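Structures for review follow.
What follows is a pair of complexes built around subunit A, which joins subunit B in one and subunit C in the other.
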Partner chain A sequence: MKLLSNIAVSESGYLFNPTNGDSFSSNAVATDIISLLKQDKNPDEIKKAILEKYDVEKSTIERDLDEFLQELRDNYLMDGDVR
Partner chain B sequence: MTAESKAKVRYERPIIRKMNSGLMNKFGTRTEYAPTSHIDSVPVKRIIQEYGSPCFVISERTLRKTYQSALRAFKTRYPKVQFAWSYKTNYIDAVCNVFHQEGSWAEVVSGFEYEKAIRNGVPGNKIIFNGPDKSTDELKRAIENESLIHIDHFDELYDLIEITETSKKKAKVAIRVNMDVGVYPLWDRFGFNYESYQAWQAIVKIMNCDRMELVGLHCHIGTFMLTSNAYSVAASKLCDLAYNIKLKWNKSIQYLDLGGGFASTNTLRGSYLPGSDSSPGFDDYAEAITSTILNFGFKQEDLPLLILETGRAMVDDAGYLLGTVLANKRLSDGRRATIMDFGVNILFTAFWYEHKISPAQEFTHHTEEMVVYGPLCMNIDKIRESVSLPLLSRGDHVVVHKVGAYNMTQWMQFIAMRPNVVMIDAKGEVHKIRERETIDTLTGLELKPDHLKTFKL
Partner chain C sequence: MSGKKRITIALTGLNAVDSPGPGVAVVRGIRDCKDFDVRIIGLSYESLEPGIYMEGITDKTYQIPYPSAGSESLLTRLEYIHEKEHIDVLIPNFDAELYNFIKLAPKLKEMNIHTFMPTIEQFEARDKINLFTFCKKNNFLVPRDRTVYSVAELPAAAAHFNYPLVVKGKYYDAAVCQTLEQAQKAFHKLEAKWGLPIIVQEFILGTEINVAALGDGKGNTISAIPMRKLFITDKGKAWAGVTLEDSKLIKLARDFIKATNWRGGCELELMVTNDGRPYFMEVNPRFPAWIYLTVGAGQNQPAALVKLALGEELEPFTTYAVGKTFIRYSWDMIIDIEQFQHFSAFGEN
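This part shows the complex of A and B:
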């Protein structure tokens, strides 16, 4: 499970997939997660980083991250199986 | 929240949104970012804490303001105007009494509503009794109270002829007239038809019965009328009948009742334009009706009283439904679905309107297109097919706008109890005006035969 290497990500959260021309906007938490994925962090490391920065319950980020990774996959932004 | 968590950044569900081009309509997409955190200066959060979720809220200030603006629209154009509160639109006593305090008579369509109006203290001669279902006892009572009986069909007319033979008082009656006003659908199931002379036949019958007095003429041309011109046609046809009654019997009709049907500013399902842009206002309706009557040619002393039974346009804006997000999920096609704690059982008007839903707390500008479902275990329980809302999470509160009409009368008790209804008065005080139902509300009405009282499993 990895963010596709050719995905361009700006600091403001703009994503561009040069393979199919899709572009996306993302909110702050999503931008942070994507940047951690770019640094090859695994889900546990991502959760830890988000918990340190944001005011959020562990169970919430657990649930939201699973769904978000699936969403990235659905939009052809990741390879590998997230399940 | 701990001191440590206060220093942390506010969290929001992670989201990416695909950017599309060339799909917008010319108005752009509508997004409800602006939170409705207060209603008449009362925090939504506080109302939910005290009265639970979901909860209906009525703004007394808006009720009175709307009534006064409707009255002003008509009174500045016509000398004799009387509103009658349409009980079926919202018959919670506190709501009815706001309108009665403002000067409204009562307009009822059943024996139950008639009884409610009497209990609220409305004098019998200020109750308009409409509808196709009036029992003999109800008619006798209405005659005794000198209520205005609006006859719906010939069977009722014959009933009245029979009843008045033995009653001490004359019945004060009007007929409901249906007619072609150039809009579809034509409402011809209530009252007597104008074009086929059925209405005239009914008038002749009443005029020939000395135990009945024809005091008015009534019509109710439809509901959510988006053209004011239809009322001009209706007023003209009622005037024509009144004029001919004067010619034939030298009798002046005391009032013309143009009924209700004025549209509120809600947006009908499937509308291209929002309701606030497409609904005529009170001034448009008033201009169409009053100019027709004034220009018809009545002598000044023969000008009839103009009665209006506006319900929806009077109460819709004053009603809010507060609710809470129960869950979020993603549907098989990728769409986001949000499940609320209120469904079509209490928000009946979700079948007709694309209700405006606002978050009750601040969010960022990020939004998601979503389907909004209710909590019922039924496929029809859909509040909005597609709406762009901020990233709502479980436990977040929302406010549904303009729900004052019909919901609190047509709501269904289905798998859950109906919630509290509160009213915020002009000073910002919150009053409970209808108690949340309990299981005893229902089981108290049920009876178990002896052989079904026990069982073994």
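This part shows the complex of A and C:
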């Protein structure tokens, strides 16, 4: 599970997929998750980092991270997705 | 005195309107190239083509006869213009006029006017009517289609495909139709505008990607840049677009140019399905109106075409900037009525 290597992410959380031209805005938490994905962190490491940084229940971050990763896959931003 | 090559370039497509011709963008690319010192001669069909009046685009513009007047009257007019301007390179920028210009190519060569256009065979191979056969022959993906000459043929043609399907005009325009009634309505509208035949085509769901490409006529691709439209007008034209990084699409453009030995600029209109399969929707036999994006991205296709026309051997471009974006805009120019009257009355400014 990896973010596509050519995805460009700005500091403000703007994502650009240079293969298909899709672009997305992300909030602060999503930007942190994307940054961790770019560092090849696995979901457990990501959850740990988010729990350390934000005041959030473990069950919430588990559910939200799963949903967000699925959203990335649905938008062809993860390795193995075709576009 | 500069050591730059001084050349006179004549071109069409100055209608920088909501569905624009590529002429103004082609001029901008050529003027950006530091290798030439150019004089630009506009060739227009209408007195109100904005490129005639825009600052820094043409040095002089002449009206030319509509393509329907035939190649002889076009030649007569070009002879007159050439006598005054000594044209070195001529770049036609419209599909509908290309046939006449291609027919005149040997005459133009005798007049020492250089062109860099596709051959009649290349031009016809990618014609909407022949695109399916061409793509099948060369193993390119293409939607299935049927050519129809009367509205009575529609139900049988439509039966080959599921709805929605696409009804397309001979030269331009297309409508996605959900029912036979919608297809019949689209048929009449397109027939009235562009004549027969009408093409009924399978609908392909995906993302539309266009590739601007330049072939050297020997099978080599000098440049190919893919672009995705970010904002589309109600006529389906790009009002904003971004360059993409997609080696598969660039390879497809190279395969197309190799298969045809394409000579000149072209635009591949592709529909890329969600599982990544690129279907050929159309091939336009000239630069697209968004060609200035190739200049912004680092591959000046209009200037490269001028060099090819003048007989230079060019190495293919190898890199370009991904994520370069164009945003088109409209602008109200103010001119004096005398300028318009003068052009309308004398056919030149």
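The rule is short, and it goes like this: the second predicted complex is superposed on the first by the 79 of 83 C-alpha atoms of A that agree within 3 Å, B and C clash if a C-alpha of one lies under 4 Å from a C-alpha of the other, contacts with A are read in each partner's own complex, and residues count from 1 in each chain.
The rule is simple: a contact is a pair of C-beta atoms (placed from the backbone, for glycine too) under 8 Å apart; a residue touches a chain by one contact, two chains touch by 3 or more.
All of these numbers come straight from a predicted model, not from anything done at the bench.
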{"item": "Fit-or-clash call for subunit B and subunit C when the two complexes are aligned on subunit A", "value": "fit"}
{"item": "Comparing the two partners subunit B and subunit C, which touches a greater set of residues in subunit A", "value": "B"}
{"item": "Contacts of A:E71 with subunit B and subunit C, given as first, second, both or neither", "value": "first"}
{"item": "Touched partner set for A:N6, first subunit B, second subunit C, both or neither", "value": "second"}
{"item": "Subunit B versus subunit C as contact partner of A:N20, first or second or both or neither", "value": "second"}
{"item": "Partner chain in contact with A:A28 - subunit B first, subunit C second, else both or neither", "value": "first"}
{"item": "From subunit A, separation angle of subunit B and subunit C (C-alpha centres, steps of 10 degrees)", "value": "90"}
{"item": "Closest Cα approach, subunit C to subunit B, once both complexes are overlaid on chain A (Å)", "value": "5"}
{"item": "Shared contact residues on subunit A - subunit B and subunit C", "value": "none"}
{"item": "Residues of subunit B touching subunit A in the complex", "value": "1, 5-6, 8-19, 330, 334, 364, 366, 391, 393"}
{"item": "Complex interface listing, subunit A residues touching subunit B", "value": "15, 22-30, 33, 50, 53-56, 60-61, 64-65, 67-68, 70-72, 74-75, 77"}
{"item": "Residues of subunit C defined as touching subunit A within the complex", "value": "207, 209, 228, 230, 241-242, 244-246, 272, 274-276, 322-323"}
{"item": "Subunit A to subunit C touching residues, read off their complex", "value": "6, 8, 16, 18-21, 76, 82-83"}
